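The structures come next, written out as structure tokens.
In the two assemblies presented below, chain A is common to both, partnered first by chain B and then by chain C.
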Partner chain A sequence: MADPLVSALKIASSGMEAQSTRLRIVSENVANAETTGKTPGADPYVRKTVTFAATLDEVTGANLVRVGDIGTDKSAFESAYDPGNPAADANGYVKRPNVNMLTEMMDMREANRSYEANIQVVKQAREIINMTIDLLRS
Partner chain B sequence: MIPAIGSSVFDTTVSQTRAPSVTDGMASVDRARGADFNEFSNILSRVMVDAANTVKAGEATSIQGLNGKASTQAVVDAVMSAERTLQTAVAVRDKAVAAYMELSRMAI
Partner chain C sequence: MDQVYLFSLTSKQADWLAHRQALIAENVANVNSPGYSAKELTPFAEVLNNTALAQRSSNPMHMVGYGGATAETEATQAATWDVKHSGNTVVVEQEMMKAGEVARDYSLNTSVVKSFHRMVMMTLRG
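Let's turn to the complex of A and B:
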């Protein structure tokens, strides 16, 4: 039986790691928000999505979190009239990525808040552990 | 001489060749105590070795983190675990030393 407080630290750490990956995906989406295809009519950058999955830690018996899989957004591409673009089709329209900046910003905020929540868990667990160890010192 | 009695002393199939003495049980207890005499210092040294190993693991993870091979969370995790183990070890040692000092100051 592992120490529950140490398990809490481990779980929070896994949450932080998962949120970091989420932030990485958001960053990719934001950075590629203007990425179009190379050849005429080619598909542009496809927005990536991230899902989380619970995973059992055999040592502590705790449910950690991990990134389930990184999928792609199935929504349709927008098209813009830009005949000069190398990716423009015969009518001069270019497919643009299905990245919505507003959605990405919200996602980023959410990742940030989740990360903060996990940090609070770490802080609390650590404080409790330190308080318990300090019992020996009195 | 009756052969049946004389031969039984040298008979290897007879396991008990002498009567159990009163001190038999005590002797075994004493031997066990001798082994356990330094038990607490053994525990303490094990705790210290454990602490040293955790610190070493923390350092290794830190170096990996500096090289970009470990995530920040992993580094912080390892270092915090090292800190925790060391704190516990030091607290336990302080307590043991305090107990020792108290004994040494005891009026005779």
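Let's turn to the complex of A and C:
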């Protein structure tokens, strides 16, 4: 049987890993917020989404969190009038990525906050382990 | 000192607190998993009161969460403050509060063990 405090550390680090994957996806979206297609009428960058799922770890029996699926946002592209752009169609309209900066910033903040919460749990579990070790010193 | 089962009681509570910390870690890690519902252990006082025969997981194949459970520490769905749009019921603030509670209780627990140990040693040295 696994020690619950050790599995607490493992669970929290799985949460941190999942949140950092989410942050990576956010940074991909933000970096490609202006990426249009190359040929006339081509589709631009499609916003990526990330989902989490609880999975049972068979070794410790703990419910870890894993990145379930990295999908794409199905919402429609915006179009802007820019006839000089190489990706402009016959009418001079360019399809622009469906990335909303406000949504991405929100997502980033939330990932950050969840990451911090996981760090707090790690700190506390470590503190408890230290308290137990201190018993030997008295 | 045999009449006072303090060491057994404190180690029981330490075990319960460690399981609770693992459960809090689980809840916090799954704060953004859709459809996940927050879990909570049976209160410690209830664990001590409950002397009835309970079902046990006698085989490691019996499915349990939170890092290997015993029959004394059974997880149930927690009543939380809020349910999110995705069906997730974890509230980070509440979990942080619970984690603080665990740390406080554990600190009390180890302090009790320390002072009781000192008392025993005092008796031995005379």
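Definition applied: the second predicted complex is superposed on the first by the 138 of 138 C-alpha atoms of A that agree within 3 Å, B and C clash if a C-alpha of one lies under 4 Å from a C-alpha of the other, contacts with A are read in each partner's own complex, and residues count from 1 in each chain.
Quick note on the criterion: a residue touches a chain if its C-beta (ideal position, glycine included) is under 8 Å from a C-beta of that chain, and two chains touch if they have at least 3 such contacts.
Because the structure is a prediction, the values reported are computed rather than measured.
> Identify whether chain B and chain C fit side by side or clash on chain A in the overlaid structures.
Fit.
> Would you sort A:113 into first (chain B), second (chain C), both or neither based on which partner it touches?
Touch partner of A:113: chain C, not chain B.
> Does the superposition put A:20 against chain B (first), chain C (second), both, or neither?
In the superposition, A:20 contacts chain B only.
> Is A:70 touching anything from chain B or chain C once the two structures are fitted on A? First, second, both or neither.
Once the two structures are laid over each other on A, A:70 reaches no partner at all.
> Considering only C-alpha centres, what angle arises at chain A between the directions to chain B and chain C, nearest 10 degrees?
Placing chain A at the corner, the angle measures out to 40 degrees.
> A:126 contacts which: chain B (first), chain C (second), both, neither?
After superposition on chain A, A:126 lies in contact with chain B alone.
> Chain A residues in contact: does chain B have more, or chain C?
Answer, by number of touched residues of chain A: C.
> Please indicate which partner A:136 is in contact with in the superposed arrangement: first for chain B, second for chain C, both, or neither.
first
> Once chain A of both complexes is superposed, is A:30 in touch with chain B (first), chain C (second), both, or neither?
In the superposed model, A:30 contacts neither chain B nor chain C.
> Just chain B (first), just chain C (second), both, or neither: which does A:11 touch?
second
> What does the superposition give for the shortest Cα distance from chain B to chain C, in Å?
12
> Could you give the residue numbers on chain A that contact chain B in one complex and chain C in the other?
6, 9, 134
> In their complex, what parts of chain A are in touch with chain B?
Where chain A meets chain B, its residues are 6, 9-10, 13, 16-17, 20, 126, 129-130, 133-134, 136-137.
> Spell out the residues on chain B that touch chain A in their complex, using ranges where they run on.
These residues of chain B touch chain A: 71-74, 76-77, 80-81, 84, 87-88, 91-92, 94-95.
> Give every residue of chain C touching chain A within the complex, in rising order.
Chain C reaches chain A through residues 14-15, 17-19, 21-22, 24-26, 28-34, 36, 63-69, 92, 95-96, 99-100, 102-103, 106-107, 110, 113-114, 117-118.
> Can you check the complex and tell me which residues of chain A touch chain C?
Those residues of chain A that touch chain C are 1-9, 11-12, 14-15, 18-19, 22, 51-54, 56, 60-65, 68, 110, 113-114, 117-118, 120-121, 124-125, 127-128, 131-132, 134-135, 138.
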